[in-house]
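One chain, chain A, appears in both complexes that follow, with chain B as partner in the first and chain C in the second.
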Partner chain A sequence: MGKILAVGAKEMRQILRDRRTLLILLFIPAFFLLLYGYALSFDIRNVRLAVQDRDRSTQSRELVSAFVNSGYFALVGYEDSDAALARLVDEGQVRAILSIPSHFERDLQLKRPVTVQVVIDGDNANTAATVTGYARTLIAEYGAVQMVAMLADPHLRQGYGGQALSGPVVIVEPRIWYNPQLRSALFLVPGLIAYISMITAVVSTALSVVREKERGTMEQVRMAPVGPVAYILGKTLPYLAISFTSAVLIVFAAMVLFDMPMRGSWPLLLFSLGLFLVGAQAQGLLISTIADTQQVAFQIALLSSMLPTMILSGFIFPISSMPTMVQGITHIVPARYFLVALRAIVLKGADITAFWQDLVALAIFATVAIGLASLRLRKEWA
Partner chain B sequence: MGLRRILHLMRKEVLELKQDPRLFGVVIIAPIMQLAVLGYAATTDVKDVPIAIVDADRSRPSRDLIHRFESSANFKIVGMPGSTDEIDRYLDRGEAWMAISIPANFGLAVTTNRSATLQVVADGTDSNSTGVALGYAQTLIAGYTRDLMEAAARQRPSATAAPAGALVTSEIRVWFNPRLESRDFMIPGIIALLLLVVTTNLSAMAIVREKEVGTLEQLSVTPLARWELITGKLLPYAAIGIIDVVLVLVVAIYWFEVPMRGSIALLFAMCVIYLMSTLGLGLFVSTISRTQQQAMMTTIFFFLMPMIYLSGFIFPIENMPAWIQPFTYLIPLRYFLVIVRGIFLKGVGLEVLWPQALALFAWGATVLALATLRSSKRLG
Partner chain C sequence: MREDLAIDVRGLTRRFGDFVAVNDLSFSVKPGELFGFLGANGAGKSTTIRMLCGLLRPTAGAAFVGGIDVGSDPEGVKQRIGYMSQRFSLYEPLTVDQNVQFFGGVYGLSGERFAARRKFVLEMAGLAGREKTLTRDLPGGWRQRLALGCAILHEPSIVFLDEPTGGVDPLSRRRFWDLIGDLSSKGVTVLVTTHYLDEAEHCHRLAIIHAGKLAALGTANELKQVFASRPIVEVQAAQPVLAMAALDRLDAVEKTSLFGTAVHAVMRDTSISFAMLAASLATSGVEVRGIAPVSPSLEDVFLDVVERVGAA
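Our next item is the complex of A and B:
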């Protein structure tokens, strides 16, 4: 225990000497959450829309106002000619066209199926997919409303020879849990927390052992009466304290700035966070024992933490949509498990029965990484 | 003779790089592996949405509806809980994104031409994908309704005068990227990102390492000028960067079959200009840092992360708040993304892309000049 403290004190002194690094580690993460929390958003509002209304009837205007009132689309103007519309899209002045056929109203009243055409600029596939979803939902809703109105209107019923309207209707009643306004900030902010803490934890530890190797001070440490285990613990605990502080700061920042709710239990949140950070530090330590120079350690640390945590963890891209093989690879990304736990705690208010498997996975990751790092270090120690 | 001195310095750098064969492996193999995996993973296409269905009715119509969800490529049924109380468990654990409950009177209602209400509970955590998935569900159920009405009309010939289905259907067409293949859009972005991460990191350590080890003192007493020092450091790393460019482009074009509609020569030239700015950035960080750890932290937090998120790689710049948008003009990745995506997907050339190319070049030249200026102070 005394040995661990001695190594820890030495490491802490080294950290304190380099003020810039310490400040970056402690405060920059919370500051960046502020910046990115505002900058990152999937919410797409006011998609510039041109309308080609060939019907010019009450009902076609109703459909157009359903689009505009949704808030997703902003009407740029009406345009009749196909060529002019194509030019508008090419020039990027509009990103979507709603084209209503002539006889729209008549067909609706005769209860004939009508098709409304929507053209979307697919330049940015992500935005386009979302806009497609909005348009599809709006039109489906409009159709359902029309049908219900017809069923309810006795006047319209009489229009069909007094016969009861034929045809059953299935009405969808959607309810959205946890995030009823579908604010993307609530989805992305927990992801950012995981991402920023992962990088801080991995890179801060990745250089710790390799730096001593490069400078030659490793020899001196080996002469000292300190075993590899005490050495590892002493090396990582100061960084663990720093990254834990910084992670808690980010969580507070997220609650204050982005109204991130806290529906679950605090102890559980802190426990999951600690488990995740220990795993991340162990990964950094492992890198530090594998690499011989700081440059290599830096490369491996970044390539193994930055892009995978961003892309393979479910932070931005849904895992269930990935090809099966890639889904398999996501199982070795610890942020994947932490994100499930974090979102379950803060957004869903779930208790541990909902995500204990994920915590077990985090524990396994940390154990394996620490084990491998000690093995590597013991080999060098001997 | 300046040239000979640069060559000597380059030889020294190459010798140093050779001493660490692991670096070569990491710098050359890792980007290809990453592109291969991330290229598949970075997709915003929503498919195989996991859903749970509660069938309180167990009638023919309800089974028919379930069958439609089953056979749709958009959904994957992960459970059939017996009662609506069990829905919580599925959504809390994130096993299902959506739960659909079919009420007990569903079959009776639809066969007697009354309306029935389906309850759809969705997990709004992933707001983006949930919006898309709800759209799928609405469309699927609307199609089911239409078929029900048509069947009802067919059964009663007296009603044929007024065919069923006063339903509005949508036909959505997407231009430029009709299959909405997000991969075609993401992979050029991942190329830009990988090059940025690998090359900036490489050069960020270049000068600070000499400082830390103490050999910078030795270099400073040689007749080497500061621009010669920067050039000699830059060129070996540029060579590695160019190898990376060739490799990732080959993977993107031949493995992922991203359509290459523009000129490869132009793309390659633009990559070289881009490398100049990323390597220059690394060298600049190297001159302003005292230790390698400092250089690494500065690179990651002040340069790489802002560049990744504010460049329009994933999150469109138009969506950002107005006060953040001006900052994006400071980011070279922003210009390079427009260039790679333009050349790959739209097949445009310099006649369209010259402003971005110019901005990128200006950025690279400025940062290299800054690095040269800073290095003089340290040497003097």
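Our next item is the complex of A and C:
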């Protein structure tokens, strides 16, 4: 116990001496969150829109204002000529065209089917798909409003070929829980927290051990009657404290900057975070037993923490839409489980019954990683 | 194992795959002895020390350090020994005092005992009053003395020093050997490896190892006895390389080696006179400036031993 303290005090002094590294460990993660948080967004707003209104009626103007009021589209202007519209798209002045045919209002009143054309610049397929979705929804909503108005108006009802319209009409009324505005930030920020904490914990732990190997101080410590367990505990505990502080700072930053809610319990969040970080540190430790130089350790640590957490954890790409084999691989990525727990706590305010399996998985990952690291370390140590 | 020995090594062997780093090594060191361990790079010195310190398990054979079997109780060995390696194994970003505190902590020192040892070590290293200096800012000689101090903080009865004086100025080396001498005179057993053969003269006894095997063992004077019947003649010549070639052609000369600008010739035949030697060199066109007998140095001994073992 005294020896753990001796090693821990030494490590802490070394960290405190190296102010620059300490600042990097504590604040760069929050800065990263800022950077990634604003740059990474799937939301598309203010799509520049040109309108070709051949009807110029009250109804057509209503449809255009439905587009503009949605917030997704910004009206650039009206244009009648097809050639001029094509040029606007080519020059990148507009990304979408709404084309309303003549007799739009009349056909609506006669209850004939009407076709509205929406042209979208497809040079960015993702954006185009999203914008198509917005347009489709807006037009469908507009159609539904027309239909409801018609059903409510007895005069109009009677007017339809003399036959009364009746019977059930199914109207979809979507309610999106936890993130009603569908802000992608709410989906991404928990992922970012996992991503950044993972990298920080793995890299800092791996480097701190390999540094001692490289400088030869490890050899000296091994000559002293300090077991590998006391040495490793003493070395990793200060970094656990720092990674923990850093992760909590990121959570606060996310709450302040991205309005991330915190609906669940703090103790549960901190517990899950601790479990996740211990596993990450064990991974860093394992790397330190393989690498002999700080450079190699840094590269392995960065790759092994960054790529799986980014790609295979469900941070950006949903796991359920991955090929079966890749889905299998995601089971050894700890961030996958942490993300489920984190999103559940932060966004849904869920309690432990909703995600205890994920916490168990995190515990298993940490145990296996610690086991492997100590096996390797014992071999190296004596 | 014998109780009266500080270090008792018997048939110690270590293999790394097919490579035999240490091959059937046997020697013993008495308490309080200053024991030198000489050998070229890769001869197996560090591997031997690592086994004696309980860091590396022997493949075969046994070694007892302070009466403890290093193979079965490496942790017990670690508590009783001090170790200082060729690399400065101090934490350079930390201050002098923080390093002392760290090593005191890992050796389990506390309270009054630690305070007393800390004072002793700081005084020994000449660092009293400089406790707050960063270790990386210390000149090499000071750092080395501090490293030695940290290694003996817990008052071990046996100390291993693996090339402790590498890369340090002659004055600091001198001071360092004075410290080693002090330790030894207080009854601490010291096993030291070095490249500097002039330093090895300080040791009570020496072992020369070559290719993992013990090649010679004894006091410096005993080792020099190999030259008792083979006097060494030092030849100063204007053309040392030419002189070497000419000497090698003589039957009376066993072998030659270059020492600076002089040539050392080991004579097979004691009857040949210096005048005859000078005359035969002159006929080979060598301008001889001086010929004199020299007493063998450890360097002569080392080269001779390594050459003979290598040839065998």
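The rule is short, and it goes like this: the second predicted complex is superposed on the first by the 359 of 382 C-alpha atoms of A that agree within 3 Å, B and C clash if a C-alpha of one lies under 4 Å from a C-alpha of the other, contacts with A are read in each partner's own complex, and residues count from 1 in each chain.
By definition in this document, a residue touches a chain if its C-beta (ideal position, glycine included) is under 8 Å from a C-beta of that chain, and two chains touch if they have at least 3 such contacts.
Quick caveat, the model's predicted, so the values are computed rather than measured.
Partners chain B and chain C, once the complexes are superposed on chain A, both fit on it without clashing. Within the superposed three-chain model, A:Asp18 lies in touch with chain B and with chain C [touch as defined at top]. When both complexes are overlaid on chain A, the residue A:Ala354 reaches chain B alone and has no touch with chain C. Once the two complexes are overlaid on the shared chain, A:Ser65 sits clear of chain B and of chain C alike. Of the two partner chains placed by superposition, only chain B is touched by A:Gln294; chain C is not. In the superposed pair of complexes, A:Met223 makes contact with chain C only, with no contact to chain B. Once the two structures are overlaid, the count of chain A residues touched is higher for B than for its counterpart among chain B and chain C. Contacts of A:Thr132 after superposition: chain B is touched, whereas chain C is not reached. In the superposed model, A:Val203 lies in contact with chain B only, and not with chain C.
Closest CA pair between chain B and chain C after superposition: 11 Å apart. Shared contact residues on chain A (touching chain B in one structure, chain C in the other): 18, 215. Remark: chain B residues 20, 22-23, 26-27, 30-31, 34, 37-38, 40-50, 76, 89, 91-94, 97, 109-132, 134-139, 141-142, 144-146, 148-149, 152-153, 156, 158-159, 161-178, 180-182, 184-186, 193-194, 197-198, 201-202, 204-205, 209, 212-213, 290-294, 296-298, 300-301, 304-306, 308-310, 314-316, 319-321, 324, 345 touch chain A in the complex. Put simply, chain A touches chain B in their complex at residues 18, 20-21, 24-25, 28-29, 32, 35-36, 38-44, 63, 89, 108-130, 132-137, 139-144, 146-148, 150-151, 160-161, 163-184, 186-187, 199, 203-204, 207, 211, 214-215, 291-296, 298-300, 302-303, 306-308, 310-312, 316-318, 320-323, 325-326, 329-330, 340, 343-344, 347-348, 350, 354-355. Interface residues of chain C, counted against chain A in their complex, comprise 53-57, 74-75, 78-79, 81, 83-85, 87-94, 98, 101-108, 110. Interface of chain A with chain C (complex): residues 2-3, 5-7, 9-10, 13-14, 17-18, 215-217, 219-227, 382.
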